[in-house]
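Going by the order they are written in, the chains are A, B, C, D, E and F; count residues from 1 in each one.
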Amino acid sequence: MKQQVFYGKGMPIVKKENPELYDAIVGLNDAVFNGKVLDYKTQKLIAIAITAASGDKRGTFRQMYSGMDHLGITYDEIMDALNMVLLTAGMPPFVKAVRTLDKVKKEMESDKKENK
Amino acid sequence: MKQQVFYGKGMPIVKKENPELYDAIVGLNDAVFNGKVLDYKTQKLIAIAITAASGDKRGTFRQMYSGMDHLGITYDEIMDALNMVLLTAGMPPFVKAVRTLDKVKKEMESDKKENK
Amino acid sequence: MKQQVFYGKGMPIVKKENPELYDAIVGLNDAVFNGKVLDYKTQKLIAIAITAASGDKRGTFRQMYSGMDHLGITYDEIMDALNMVLLTAGMPPFVKAVRTLDKVKKEMESDKKENK
Amino acid sequence: MKQQVFYGKGMPIVKKENPELYDAIVGLNDAVFNGKVLDYKTQKLIAIAITAASGDKRGTFRQMYSGMDHLGITYDEIMDALNMVLLTAGMPPFVKAVRTLDKVKKEMESDKKENK
Amino acid sequence: MKQQVFYGKGMPIVKKENPELYDAIVGLNDAVFNGKVLDYKTQKLIAIAITAASGDKRGTFRQMYSGMDHLGITYDEIMDALNMVLLTAGMPPFVKAVRTLDKVKKEMESDKKENK
Amino acid sequence: MKQQVFYGKGMPIVKKENPELYDAIVGLNDAVFNGKVLDYKTQKLIAIAITAASGDKRGTFRQMYSGMDHLGITYDEIMDALNMVLLTAGMPPFVKAVRTLDKVKKEMESDKKENK
């Protein structure tokens, strides 16, 4: 599991404070993403959409970034997924997520320039 | 839009009470499902997952049923999608959704027998 | 406070188990509904809409019933309030609330016939 | 629809990326605010309250600002509406919304000074 | 893990459909309840309160029942925990949870009579 | 009630704008924390966990800080409580709360140095 990627600064704290819980989370993460029929990318898109629907800006940012950066999920794919957020969770989380997606796009472009 | 399918008994009431709002909802529904890159089935899976994450049993049932019955979404695909509910929304909505999926499966089998 | 009306069977249990908490709830209820500028009816409509947005079917039923029965809130007023649920919380809680409103209407008509 | 006002930076992105979805959202927005019996102001107050109950700070700020600035909703009216947030969604979103309302008030005063 | 006890009919389905995920959930469950300083009972009380705050009636019922039946959590302890639900999540989930607690109490008494 | 401690800048505004509501909130706060069997510390831990499960970063920070600073709740006790957030509300609010707890710890250490 690339938890630094997916969950950010919280996971190293868990690893230090409670290694057994950390291992269990890694185990769960591996199991849930080991889908029978859906590929990793589609599952990740679903995770992005659920997090966006909950209105969690930072979690959504991180999931979008890792999905685009590591799994090759595209801007348009996330946008299509956010349409479902609009339908099932209303305007406020949708608009927030669209804005977050835009920030992710800009930060990725900026990060790539720096790494050249 | 097959809103009877997707939203059940509420939509005919809206159609009768407020035809303009009904038309606007149909318009929105068409627009959100008209994805640039994701197909209808994937978008529907995402809608199912968000609804399941919110813990809405009846809405989840209806979306699962219509997704399986009309779009050919499979039991295993939904199960893989529900894994994301477990990860991002915790055990209670996940377990509830697994049970709901089981009920959908049984009701579909029962409906098919009756229609023979 | 007519908490039997507003909150149903839970409140008598609180009254019996913890009279001090019960009194504090009555005090809070009186204070929140004692608006400076909004009238009771408008505040109640807002409470109905928030509860509907949360997807709580039973709580919504109860609040709609008491609002219509005791405060003279009309079916159309609630329907207009539910439009905001659609916009800010999405289709599933909206459709659920429309259906709930319909049930309230039918139960009120049925209750009135019985009481003649 | 004055979506810049209501939804901020997200809507221009939607307009650019998906004009059909944008039009559908405008259509929905017009339809939901075209209440049969409730006026625009009351509907807006309800939308503010639902958004505040969901704990969405930025969305609440924006809705309060546009409601006060464009529709003449007063500080006291919003405060009375927030009482319902306390009752139906608890202390944390209530206190957060009270603080947000205070910020809106201060920003409006500051904006007016600048525009003199 | 006594997942039949804690999560009901959903878990056997997971076990059958996806044994690896099932094992990961058992591992996570063991890890989260293996607190450094809080005992099992206190952790369970916290889980009951979070579930009650989310308004999930069935999940709350099941958690209350297993907590009282297997861990010796008392009616009064849960009632004190529900006070926090009132404060942090508002009246509707609080009243719903009080009613649920009452049902659990009655069902436990009824189950005990039958088992004599 | 030490509401400045528990609820921050919002409460003085309520006190100024609506003293009766303020008194009712103080009354409710006193009543809910006056548990029959659970001590203040355990109830506070439960309130922290519910707030963390809702994803409210600032509210969680404030409750953690006051719980640690005034009631002597320890870092490890909160960590054990957060395990329940993971189980019942999923990874995103759990990771967010772990990070928030870390910030509280650091701010408390920093505050203590300054006060020496």
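The rule we apply is simple: contacts are C-beta pairs under 8 Å (C-beta built on N, C-alpha and C of every residue); 3 or more make two chains touch, one makes a residue touch a chain.
Given the structure is predicted, the values throughout are model-derived calculations rather than measurements.
Chains that count as touching both chain C and chain F, per the definition above, are A, B, D, E. Shared contact partners of chain B and chain C, listed by label: A, D, E, F. Among the remaining chains, the Cα-based centre furthest from that of chain D is the centre of E. For the touching copies chain B and chain F, the fraction of interface residue numbers used by both exceeds half; the interface is of the same-residue type.
Each chain gets a centre from the mean of its Cα atoms; the one farthest from the centre of chain A is C.
Averaging C-alpha coordinates per chain places the centre of chain C 28 Å away from that of chain E.
With centres defined as mean CA coordinates, chain B is found 23 Å away from chain A. The set of chain D residues touching two or more other chains comprises 18, 21, 25, 28, 31-32, 36, 51, 54-55, 79, 83, 86-89, 91-92.
Taken as a contact graph, with one node per protein chain and an edge wherever two chains touch, the assembly is complete, since every chain touches every other chain.
Taken in their complex, chain E has these residues touching chain F: 28-29, 31-33, 35-38, 42-43, 45-47, 49-51, 53-54, 74, 76-77, 79-81, 83-89.
On the chain B side of its complex with chain E, the touching residues are 55, 79, 83, 86, 91-96, 98-99, 102. Interface residues of chain C, counted against chain F in their complex, comprise 18, 20-21, 23-25, 27-28, 30-32, 34, 36. Every residue of chain A that touches chain F in the complex is listed here, in rising order: 7-11, 13-14, 17-18, 21, 25, 51, 54-56, 58-59.
On chain E, the positions that touch chain D within their shared complex are 86-92.
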